[in-house]
């Protein structure tokens, strides 16, 4: 028997494969395909204090082995999410992590205060890296001082496991990671999308309604993997790796690069069974190669084992 | 809910310039499918380019044979690759997906307006509508007579139809919305269905609303997940309070009522 | 007749399609496929003051729609290049641009002094962005002050057209671009490769001998395009766009995003005729859409024409 | 120099577990090709995954029929896709590329040592060597008898050959380098050719150098351009002064002399 269990900042997961925020709604769409307890943890769509209508279409542009998205954090606001979406996830048998985003520090703090007492919420993922909103969002994630201050303030407002999701659009991801670790992050998620664009040469205009969007999918895997490799050697808190994971082999690359857990985003759109398929594949790899505990593989590529 | 299955391509036929019909063997989908719904196809089994699935309206269904068909136009990489796939091959299809057309029983005279490829979802609807007692009329438009779609199928359905071509090579000369204006002047319809490019739909909706005519349109937006999980396919609609409200074409659509749709240019 | 000619910092090119450094050797390999005068300009492999043996293999790892390379600036050194490679390019009928790299400012200056008097050299491209060398390289390109100082020193050592090639591995590419423009760059090349990696899960080790490598090819096109869009609106000097250009359509996206010229790297490996094919395709697009001068398209996506 | 052409696949045959032979119609390449050279194949016409071409040694040439063949093993995405291509299809091939084996006229007794897929370039060489007056002997190795390659072709070539299998199911039990040691003890060879995985080549080179035996090996490195423009395929070799000197496998190789090759582990 292989042991796929992992503990991320006190969140006990049956396996290391989570959903990536924004790519899994609030779980119900994929619950039609498989039981959610097959996943390690469920991270919901980015939530803001007030409802957001999102960006004007088109919001998606496909690129070679990737997609640009500019959803713009469309969501019904935190109160609605707690009232209408979370109840359905109770008893789903998987830890629920709420991804939060804001324009101002104040907004983050308000949300954290609202979420802190809720038993149905196992952890918080703080998005300081969304490239698709005008204010805040990515700006928090590209300067280590701003990122550190935000995390410090949030930390003081909650005792829930606190995951901080970083932007990859920076010169030195290690610096930002160190700053948020120092200010109390329990885990670090890497990476959010890379800022990109596509142009429609017939209309002579950007394809996306929002002009720019965030690149995800297999195209970014080499870049995300490099950042996981760098950060996991730099910090002590666990790293959740993501960016282009489509298969168990991809997930294993991230784990060997140092990720304690992984998240799957874009792959869900292509194969709705991605998450359970990846869980199964990791187990099979371990059996074939005589590993019984996932931690034997975590960081193996730099631990040199 | 929706299924994910490998389905065999039974037939694959060229129907016009860059236009193909593909028939799948999929008893499950053929049983469940309703007019206006779509399937989400994985174009290539291997490799990540193209990456996403591709949505196509259900064009036809043959429950007895367990057959589901699409009609598609080659526009980019995905459809280009599709056009080269041989019958006998398997393709992974997901569906049926999306909100179907309402088969309004009260309406006595129904008009369907198709622009170009917009004919695809309407054809399946026509086949269902003609089973009822309503008067069903169809108008379809294309740039040229050669590009007019599905005339053989329309003929077979027995429905009354007229065509518009921009080059005047067939039927009414001009856009299908020109023909629509004429029709609305002459006839007295109580329900309208339409599908086509946005500029055409905008015109259709404005003509219908002037007359207070009820109806539904099928919209298109680029999709990622196809099941409502990513919010990628948002189309602007009018919310309860007249506010802008982005709705998911894949799940809350692709069919929307005429009152809901909203065009911001 | 369409006019494809462009002028980059005084270098007169018959068309806007150049080779990207390191992807075209010194021209002779592709001269076996077509006449080099069909290209807008030839940029040679990165050259250093002393010969470099390069990194240990494997140096290439394929990723979805991209490749990681870690060649490590293998080159025979500037003296050899001038003596053995440049003579063959005289009379090739295309401007020759020498790409230079170094660990120290001093090395750059020495090379520039050697190249400045050479008539057969039409321009210099200063690589301050190579991710595959231990010292210098990318470090010069990720800090705008360091970049600015280096360009200032080089500028004072030569009157040749000076193109500065930036690293995309930065938080804000506009800042670096502004700094090198201010210090005298005549043109800016965007982008060099993105730092990435791949892991061999069976060996539990990075695939590349050098551990990390630079990502190029279609995978990075959306990111490169976004940077060209940003920088071309920020600076007055012409921008040379590159990163994943495979077809004339891709090149036109970069031109509409603001690039005055484009460079083709990875595509040569897939289709050795890439450059002439792209030149032809741009011409055809212009004919079909009734443009007679390429400048009508430059930046069209943000000029809003 | 090298050519770039669409060539039709004449035949495509499974030769063993995951091993296929593909025959192309390419009169130009068949005329020019020399043993040890390779062709650079574009696996898919459309889409960028896989992106790069794939190099394969020329396994066989039939000048009369204008035919060029490769023997390949499915190891990843590119070869997996190749294995599904049907005869009749066109593939874009570039070649012949690389430095061929030297057909040493002076050598009287020649030994060829193949490990696994390393048999591919040696087969074409054997066919050329047997035309001369030299004594030509071949030893090939594989893990199991089932995985031994090209025995039918070896039989047809009339050359003297022996085999080694690690599981002992055929011939000598053990690695091909074990069989080589035995052969070198018994026979008296004056030229050796070899191709196979790096660890095997390292052993071959060390055995040969102990005896002062001359010869050539064919190396593999991951390639990007295939024509000498990118420096991606560097293999460590011994420079003139015994220094480390990276050489391009695609252009300065894939064939290197025994003295040149260098193994740094």
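Per-chain residue numbering starts at 1, and chain names A, B, C and D are given in the order in which the chains are listed.
Just so it is clear, contacts are C-beta pairs under 8 Å (C-beta built on N, C-alpha and C of every residue); 3 or more make two chains touch, one makes a residue touch a chain.
Predicted model, so just to flag it, every value in this text is computed and none were measured.
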Each chain counted as touching chain A and chain B at once: C, D
Neighbouring chains shared between chain B and chain D, ordered by label: A, C
B-C against C-D, pair bridged by the larger set of C-beta contacts: C-D
Chain whose Cα centroid lies at the greatest distance from that of chain A: D
Gap in Å, rounded to a whole number, between the CA centres of chain D and chain A: 46
Centroid distance [mean C-alpha coordinates] between chain C and chain A, Å: 34
Centre distance in Å when chain C and chain D are each reduced to the mean of their C-alpha atoms: 36
Per-residue multi-chain contacts in chain C, two or more chains: 64-66, 217-219
Contacts with two or more other chains, residues of chain B listed in rising order: 47-50
Overall pattern in which the protein chains touch one another (line/ring/star/complete/other): complete
Interface residues, chain A side, partner chain D - complex: 64-65, 218
Contacting residues of chain A [partner chain C, same complex]: 63-66, 68, 142-143, 169-172, 194-199, 201, 204-206, 212, 215, 217-223, 225-226, 229, 244, 249, 252-253, 256-257, 285, 297, 300-301, 305
Chain B-facing residues of chain A, complex: 22-25, 29-30, 32-33, 45, 53-54, 56-62, 64-67, 69, 71, 74, 217-219, 246, 266, 268-273
Touching residues (chain side chain B, partner chain A) in the complex: 1-2, 4, 42, 48-53, 94, 221-236, 244-246, 251, 264
Chain D residues within the chain A interface of the complex: 47-49
